[in-house]
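Take a look at this one; I'll ask things after.
So that you can tell them apart, the chains are marked A, B, C and D in the order they are listed, and the count of residues begins at 1 in each.
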Amino acid sequence: SVDSGGSSEGGAAAGAASPAANCAIATAADPGNSQPAADTPIAENAPKLAQKDTYRVAFSQNANNGAWRIAETQSMQDEAKRLGYQIQVTDAQNNQSKQIQDIRSLIAQKPDALFVAPMTEEIGTVIGEAKSAGIPVFLIDRTVSDSQAKAGTDYVTTIVSDFVQEGKRAAYALAKATGGTGKVIALEGTTGSSSAVDRKKGFEDALKECPGLELVATQDADNQRARAQDITESLLQANPDVTAVYAQGDDMAMGAIAAIRAAGKVPGKDILVVSGDGSKEALQAIVDGTMAANVECNPRFGPKAFEVMKQYAAGDEVPTKILNEDRLFDSSNAGEFVDQAY
Amino acid sequence: MTDPKTEGPLLQMRGVTKSFRGARALDDATMTVGRSQIRALIGQNGAGKSTLIKILTGVYRRDGGEVLLDGRPVDFRSTAEAQAGGVVTIYQEVNLVPKLSVAENIFLGRFPKRRGLVDWATMRAGARDALAKLSLDIDVTRPLGSYRVATQQMTAIARAVSLEARLLVLDEPTSSLAEREVETLFGVMRSLRDSGVSMVFVSHRMDELYEICEDVTVLRDGRTVAEEPLASLNQYELVSKMLGRAAEQVASGARAAARPRQQAEPVLAVSGAASAPRLKDASLAVYAGQVQGVAGLLGSGRSELLRSIFGADPLDGGTVVVSSDAAPIRTPREAIAARLAFLSEDRRAEGIVPHLSVRDNLTLALLPKLTRRGIVDRKRQKQIVTDYIARLGIKAQADQPIVELSGGNQQKVLLARWLATEPAVLLLDEPTRGIDVSAKAEILTLVDKLAADGMGVLLVSSELEEVVSACDDVTVLRDGVSVARVDVERLSEESLMAVMASGEAVPSADSAPNKDKSDD
Amino acid sequence: MSAATADVATVGHRLALQRRGTVAVLVLVVLLASLRYGDAFYSGINLTSYFDDAVKYSLIALGMTFVIMTGGIDLSVGSVILLAGVAGGLASPYGAVVAVLVGVGTGAAVGAVNGLLIAHSRLEPFVVTLATLLWARGLGLQLADTQTVVYGSGALQSLARDKIFGLTTGFWLMLLLFAIAAVALKYTAWGRTVLAVGDSEESTSLLGVPTRMTKFSVYLLSGALAGLAGVVLGSQTGSVSMDTGVGWELIAVAAVVVGGTLLTGGVGSIGGTLAGLLLLQVIFTIINFENGRGGIEINSYWQNVVRGAFLLVVVLLQTGVGRGRRKAS
Amino acid sequence: MTDLATRPAEVSALRRIDWPTMIRRYGAAAVLALLVIFNIIFTENFLDLRNILFVQLRQAAPTAIVALGMALVIATGGIDLSVGAVVALSGQVTAVFLLDGVPPLVALPIGILVGLAAGLFNGTLVSRFGIQPMIATLVLFTAGRGLAQVVTGGRIQTVNEPIVEFLGLGVIAGLPISVFSLIVITIAIIGVTRFTPAGTKLLAVGGNERAAGLVGIRTKWVKTMAYVVAGGLAGYVGLLELGRIQASDATNAGLNMELDAIAAVAVAGTTLAGGTFSPGRTIIGVLMLRLLQNTLVAHGIPREVAQIAQGLIIVAAIYLLRRSRDAR
């Protein structure tokens, strides 16, 4: 289940920040989760869902590799099993057009409800087809673009994390850990994915408020551990005075830590690493002192997703956008959560 | 008919030079072709004949010299341009497109069309007409590659003829043709000449030259050494000009006497050999110290016989016994272990490994023997290669890629490849195809000597003259069946022809080939 | 020589058998699937989705067929789909016609670069198009600023939305192109020359037939068709994402080969390619349906294994057919 | 005219520097040298021995080892698209065994065995069943990575084994294990192809398979062996990659490695038609392409631009090679 709130811990830890901090965000509290806009509309025009004891649902996953996505799929399957629902899962293997094909094939089999973790924002047309077939759609972890599919009409709702906010929180955490000075390299996730784009935006915008932190290089490491390692090795060699790394995802962070070690430096001491996802491995790294902080992006959508579905079937008012709550982990709390992490 | 002397020559090539990587292939080559004339172009292997032709037709760019057609300088940059200029060529290796149909091969590049689309019916009819001129009646819709080499060669000729050239160049068109087909070809050439077409004809068969050509151009080491009417030179003089020295003996004359059988047991005994689809029932025996010939019409299964003896084709029936050892031979590996050697008729597809050096090509079959405890003995390898290059007079460097050698020299390297394995039985399939007269004589002399030294040789050749002069005994194949044996006493071109055609054995003391079985 | 001549005699025959085999297996698979999955398998949305999905692969496979018939290969098509799809998408606000022209033009331009390097400079197709695979994708990403490109034009979507006899215009357009291609292969000098070049380029040029233009043209065509595929994809899904086209070239190559075209060139079939593609793609639908049955779940990781095994079975069956026939004859 | 003809010796003396051959032999090396010079001037700490050995060479070594196997296969006229997937498969299988507590002395050889078996599978399809190499190896290209994911459930498995850490971080004779392995493997391959008949047999099979068969070379066996060696090397690289990130990553390990390897072989001046083999130049090709990539990364060039540069460099390289061949 989704635990709430990271802001309080952030706030508490802020006091410990170095007085030498030369920028505001180094001493500021963790900005925490963003809140859904007060005027979020209610899903009204989407296909209705009858109330039944059991449902036959389908889930279109965009890729089923990497711990995060696997945890997401697992969470959907576990929750369905717990509720006694029948669930059918497809895996688009990181391929937008395959996901569209998957979804069409799922529609053909007429499930009661369809959950989609979109590969990109632009699979909206096929979401419209589900509406025509009378199947309510729930989006999770990413959304689709407004111009192609309307929330509350073509699909019921979208349950997402605020990636911009995640990037921002990472920047705050990094500033705090470094005391607001240093040279930073950033490793980005898959080219063009909304998580990569938004985290970058949040991170870079926040960093602007901290001139002492200089972003010396940004490279696309495709969420791959080995690739992140290679790139970090090259970047560290070209920029030997780098003192911090921001990796958008934990896999890349683990690669970066390995590269720092291979370069003969001590991660967590010579070079600080901040990352996002909140995997078990990352929390363990915080406990071990090799990672400074981690902004969670909780993959366990299952309980929330089915809860929302049931609410919708019951005719409750469901907002068209539901924000996931993510925690901030650092040395103060990582040990506490490491065992629950995915 | 126009008189060539009144109008000036059709083609003049003057002072043509061409080097490949610093090596001169042509050095002041000259050739003049008159109107309505068939000119012979001759020279040893590697003299530069094919190169001269390829320069004429734009396959290679010349380094120097000039080419005049109808007195005007021309500089074709591709075969297509040459064809547009009226110069059509049949290149030395059969150069057609095997997977397309015969008809398409004839009309490639100028398909008849109706409303913009290929008109298959017209094309087929046209192809049948073109082939009919060569007295060939075959299914023109089948892929060309499914026909035997001679048919393919005839198709190439039909194509060239139907292109209505002013100058037709034929680079060794007859090397894979049988006598009957050669006669047909000559008939066509004569009628073309009578209608005003000029031709350049390359062949290593002297008698053919005298039969069809009026004039001759002799190339030696890339230079033109003679350009005269053929009638003014006899065969001996011609070869001497080609070689640049007095020819000792043109075309090795018939061997003095039969070699006696050294042993009662044959080194190779074949009985009832069959291999689908064309070899049905062939029996013969080869004795150490003798040259056993195999004669037959094209497609009679001679090559298949040799291949199945060697394990290159599966033996579907019958037995092959080498040196009285009953172990069957199923692969070339086993054949080599049994001390057989096999020179294939198809140099390009089954002989040379193009980009390997002469050295590696020459010692390819010898590798196991050159290996000591897993390591190749490079010193011995070098020694053997040097030795064979000298012994066979191969014009090449040991580390040159074999593809750069002229056809004849490639052939010698391949022969050396097998000789180096010191086989008990040497299977030779058309060993002198495309080989110049002097090299041919050398090779036949060598075969003679090898036999004298105790090797058993099985020789297939389409040139009866060669069979007659080199063999002690000849088995005649007809439709995959060994129908007769002709022994040395009765051996002559005429007798062979008669047997090959009729399939009737010439009466002789032991003419029934299957009688050989009684020997083992 | 005998082995070679024998080969030529049987190779065309064997490939023809193979082609029929492909169609037979396709029909069989579809029959079995419809028995097992019933109406849902035949439902409009499933069929259209299956055929629509096949359109883009078919288009690149069609171009690939001609390239392979000349003995070449075009590994760049996947990247060209991305690049042209992006270009078409950027042009789509100016109308459907502009988008199609820009997409096809972009593809053709990349194809022309491949063609020039291969036909004129005589570089190896595999490496040239491998390099193009890299740079064309880089260019596409750059052009799109690594963001998914959205197709604006409504008119373009008629390719994906309007239906004739239950199937989309895009699909019929693809079929039409295949029909034209089949006629072109059999009845134009160009088509026959493509085969001749693939069979023996040297001979063809010694016969006085210009081979360069022919070789150039097949890469041009392949690029243009990949460009069209990019725009069609954009119209079908309303956007072109940055993962588009990764590995699609190999789907096309597999379809071409399964369809009975020889990778070494000289022999080929247009219809075979379509059958091969539909056969190789049907497995995706089947896997999805199989998962829906709720029984044994084909874990998504097994999908690749199943696809690989399926390809293996298909090619083994084909060589088996070829061999059996060869023995018999 | 006669003047010219009588002075061939002088002419050839003037042309003593045979540029075409030089380009063919040293073209990739020259580009490599240029890149090195560029980096010495513009990239900080490039000349640092640690950087050269532990960053540049170590990153290139796995691809180089795979490329050597690829060069063998290409020499026979084949191609192996499956090596990247085999790298993943071998790493995953080994990781799973290690995590199950199988002793490293058993688990590591199993990884290599997986590679050898994959090679045998490919080789058998190609040589016994006569399936065209690209399609034959496409089977494992697709299924191999799938199997690797099945084995580990798609998860990245962290392996905390000293032996794995040693593979990744260990040093032998002052060299990272992967670089050391590359050197040993290169020497072994050059030794075997130069001094035993294997090299000639390989080239003969690639150059003219029928001719090779007629001189008693077991062509099917030679071809199969080329795939087996390539598979074995890929299997070994699977272990190295496992060591490098101390974890198994079925989805990404060895991803696109087959294309990198093929590109390197081609840039080395080897024709994909078979019949040529040049291990030294293949490694230089890998180093060149890798250093190019690292230089672009180190100078902050975005990946998509780097891809464009890579594509163009490959074309330029083979274009020069072609020209030099024509000029002969």
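By our rule, a residue touches a chain if its C-beta (ideal position, glycine included) is under 8 Å from a C-beta of that chain, and two chains touch if they have at least 3 such contacts.
Just so it is clear, the model here is predicted, and its values are computed rather than measured.
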For chain C and chain D, chains touching each:
A, B
Greatest centre-to-centre gap (Cα means) from chain B is with chain A
Chain A-chain C separation of Cα centroids, rounded to whole Å:
36
For chain B and chain C, what's the span in angstrom between their mean Cα positions?
44
Calculate how many whole Å lie between the centre of chain A and the centre of chain B, each centre taken as the average of the chain's C-alpha atoms.
75
Got the chain C residues that touch at least 2 other chains?
3, 141, 146, 300-301, 303-304
Residues of chain B that touch at least two other chains are 349-350
Considering chain A alone, which of its residues make contact with at least two other chains?
64, 191, 220
So, with touch as defined above, which chain pairs make the list?
A-C, A-D, B-C, B-D, C-D
Interfacial residue positions of chain B with respect to chain C in the complex
59, 78-80, 82-83, 88-89, 91, 95-100, 104-105, 108-109, 111, 113, 116-118, 143-149, 159, 303-304, 307, 313, 345-346, 349-350
In the complex formed with chain D, which residues of chain A make contact?
64-67, 70, 191, 216-220, 222, 224-227, 229-231, 233-235, 237-240, 251, 254-255, 258, 261-264, 281
Taking the complex as given, what residues does chain D use to touch chain C?
79, 81, 125, 129-132, 134-136, 138-147, 149-150, 153-154, 210, 259, 262-263, 266, 271-273, 302-312, 314-315, 318-319, 322, 326
Mind pulling up the chain D residues that touch chain B in the complex?
1, 4-5, 8, 12, 15, 195-197, 200-201, 203-204, 207-208, 210-218, 275-276, 328
Would you mind writing out the residues of chain D in touch with chain A in their complex?
43-46, 48, 50-51, 54-55, 59, 149, 153-156, 158, 168-169, 241, 244-247, 249-253, 255, 294, 297-300, 302-304
